[in-house]
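Each of the next two complexes has subunit A plus one other chain: subunit B in the first, subunit C in the second.
Moving on to the complex of A and B:
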């Protein structure tokens, strides 16, 4: 059992938490104070620099969870370790999906005049979040560890299937939500806005990666404890 | 930073609210992960002699 090694890894990633949090505050500074107000939306458009990165992080971590799940099904020898990776990734995906809904709602009130609308983008994001919640419910109420892992991986893959539906919903259906502004050629955003958004997205991904590593260490420690209590060994 | 057209609520509250929700949630999530790790390792140290007992967790 590489016990000392897994504790060293945890300490390493924990040490990175504060620096990346400071980096995130610097990135937010650019979005909050450096960039000028938008001519149409005014100052509330600054919410974009937090809303878009958290939405991208939600997509990224839910897809990552599914990739870990698929590799876990293929490489049975690493199934337990990959299940931990998938579990930590879906934890982050759930939090970021909730944050995307919350920040989108806060942005929607001053721009659309409503906190919520049953618009395709919003509704599909809500479905994505609920599928992630189903993952946690399934994990909590399945006592057998192997059955828990297998069923959770299937739900993780199902959650990732929803990601392209959410992403393309603004193009497929007529939507209150604005279409993609930066990905399409001829988008109406300025280079400065694009750069600040890119910086914020990269830093948020970095922050989420460090939190992911800490989360994975916590899940690893809990599963080692569970294995010890059940009298078996951990093979991660 | 005056009153805006969004009812009587200034845009500042929306912007601070959005950034605040993200900051607080991510901070709580990180603290929760740290706490869960610490608790699990403490229990591991109590229940198995194989785990590093240097106390640096």
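Moving on to the complex of A and C:
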């Protein structure tokens, strides 16, 4: 008997994808077209309105994955559900980390003259991305479902340990990368740029949350299918 | 006057700590004894590191072999190969002796077993690094006048490097124990997490060598903080996750 509640939730969150994507396009319009060019970097700086929100989303979802993992170890009754939450969160963290590296590289080419520099922020972000990739490889290569859940959640906690290193890398080591944007008032961005950046970050987080809910439903469906196949009840 | 119940609890905690310490030491002891009895693994890893010491610089071209710039890099790169082999064989003592299931079923504190393995790994790495340093001094023409100061600097670096590496390696060896592709997974997980320890060790070693170009930028304090902080963070995780890592 199909789980009606599960299908309703999936359709509900999938329906929200389009409106939130439209909201994201509006937010990008403000950043990529509406706001004036930077006096030093010119039009190139506009990629900041994509790169910074994407980087924040990567940090957020990797930390969220670790939080789900810790709660899963504490609340054993919800272990499977929280593992699915952690899995979906790391999926998003991986994608956003890759996008942060890509958009950062696109921004770096005209400003620094190179596609890649072994700068502390870039290097530590690459390390974070590699740990997230290793998470997925671990899940693929662990046949026992319970061992898979436990090992994967431990690796999610290890991945989150890297997030403060990435964030504070510009403070600890000398870096080409600019320092944090919102830390000092009037520090690195004017008020209008800061506002548009904040709006883009919030909308990107909202979009990522909707994608997370859809992805979590997909993971739930995959695990149900796997369970049916192992139980011998599935006939393709 | 201290109530008897508080005194009794205090003695209980001390006894538990003593028991934990003896369990931890037992793991170190039997691991070390097994290596001493069957020296093939240790000798094989040493021979491998000797081969690398000779062959590694050829990858940079014959002109660079005499240069001081690759001296430190070569040492730590060869170290990384030694580390990979050592971490990959962390539970080989138990696996080859048919004791793995016994280890999991014994009534000992899981964190004691884990800490025992961490200490053993750090000591095992050091036992390989001592002859490696001698080969390095000879093959890479380390000036005689600089040997004492370099060794004085590298010794504490190696201790912290081995502790950080051993901690990360032990945790990940447990995490990947039930996976089907451990030989791929363990390096894939291990190297990104261990990278900060490696960077800190290389940077601090290079800073004191008068023959190398001074790296522009990062302070010594930052690197010492990284080298000391990583073992603290991962040892804390080992305490918190010890029971989960050793599930039967």
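Here is the rule we use: the second predicted complex is superposed on the first by the 226 of 236 C-alpha atoms of A that agree within 3 Å, B and C clash if a C-alpha of one lies under 4 Å from a C-alpha of the other, contacts with A are read in each partner's own complex, and residues count from 1 in each chain.
In the analysis below, contacts are C-beta pairs under 8 Å (C-beta built on N, C-alpha and C of every residue); 3 or more make two chains touch, one makes a residue touch a chain.
Quick caveat: nothing in here was measured; it's all calculated off a predicted structure.
Peer 1: Check whether A:228 is in contact with subunit B, with subunit C, with both or with neither, and answer first, second, both or neither.
Peer 2: First partner only, subunit B.
Peer 1: For A:154, select first, second, both or neither according to whether it touches subunit B, subunit C, the two together, or no partner.
Peer 2: second
Peer 1: Is A:7 contacted by the first partner subunit B, the second partner subunit C, both or neither?
Peer 2: Only subunit B; A:7 stays clear of subunit C.
Peer 1: Just to be sure I read the superposition right, which of the two partners does A:217 touch: subunit B = first, subunit C = second, or both, or neither?
Peer 2: A:217 sits against subunit B, while subunit C stays out of touch.
Peer 1: Return first, second, both or neither, reflecting whether A:144 touches subunit B, subunit C, both chains, or no partner chain.
Peer 2: Only subunit C is touched by A:144; subunit B is not.
Peer 1: Is A:54 contacted by the first partner subunit B, the second partner subunit C, both or neither?
Peer 2: Touch partner of A:54: subunit B, not subunit C.
Peer 1: Contacts for A:99 in the overlay, against subunit B (first) and subunit C (second): which applies, first, second, both or neither?
Peer 2: In the superposed model, A:99 contacts subunit B only, not subunit C.
Peer 1: Touching subunit C in the complex: which residues of subunit A?
Peer 2: Listed in rising order, the residues of subunit A that touch subunit C are 73, 127-128, 130-131, 133-134, 137-138, 141-144, 147, 150-151, 154-155, 157-158, 161-162, 165, 172-174.
Peer 1: Which positions of subunit A touch subunit B when the two form their complex?
Peer 2: Touch residues, subunit A against subunit B: 1, 3-4, 7, 10-11, 14, 17, 21, 28, 32, 42-44, 46-47, 50-51, 54, 91-92, 95, 98-99, 102-103, 106-107, 109-110, 207, 211, 214-215, 217-218, 221-222, 224-225, 228-229.
Peer 1: In their shared complex, at which residues does subunit C touch subunit A?
Peer 2: Touching subunit A: residues 171, 175-176, 178-181, 184-185, 188-189, 192-193, 195-196, 216-218, 222, 225-226, 233, 237, 241, 244-245, 247 of subunit C.
Peer 1: Over in the complex, which subunit B residues touch subunit A? Could you list them?
Peer 2: Checking each residue of subunit B against subunit A gives 4, 6, 9, 11-12, 14-15, 17-19, 21-22, 25-27, 29-30, 33-34, 36-37, 40-41, 43-44, 47-48, 50-52, 56-57.
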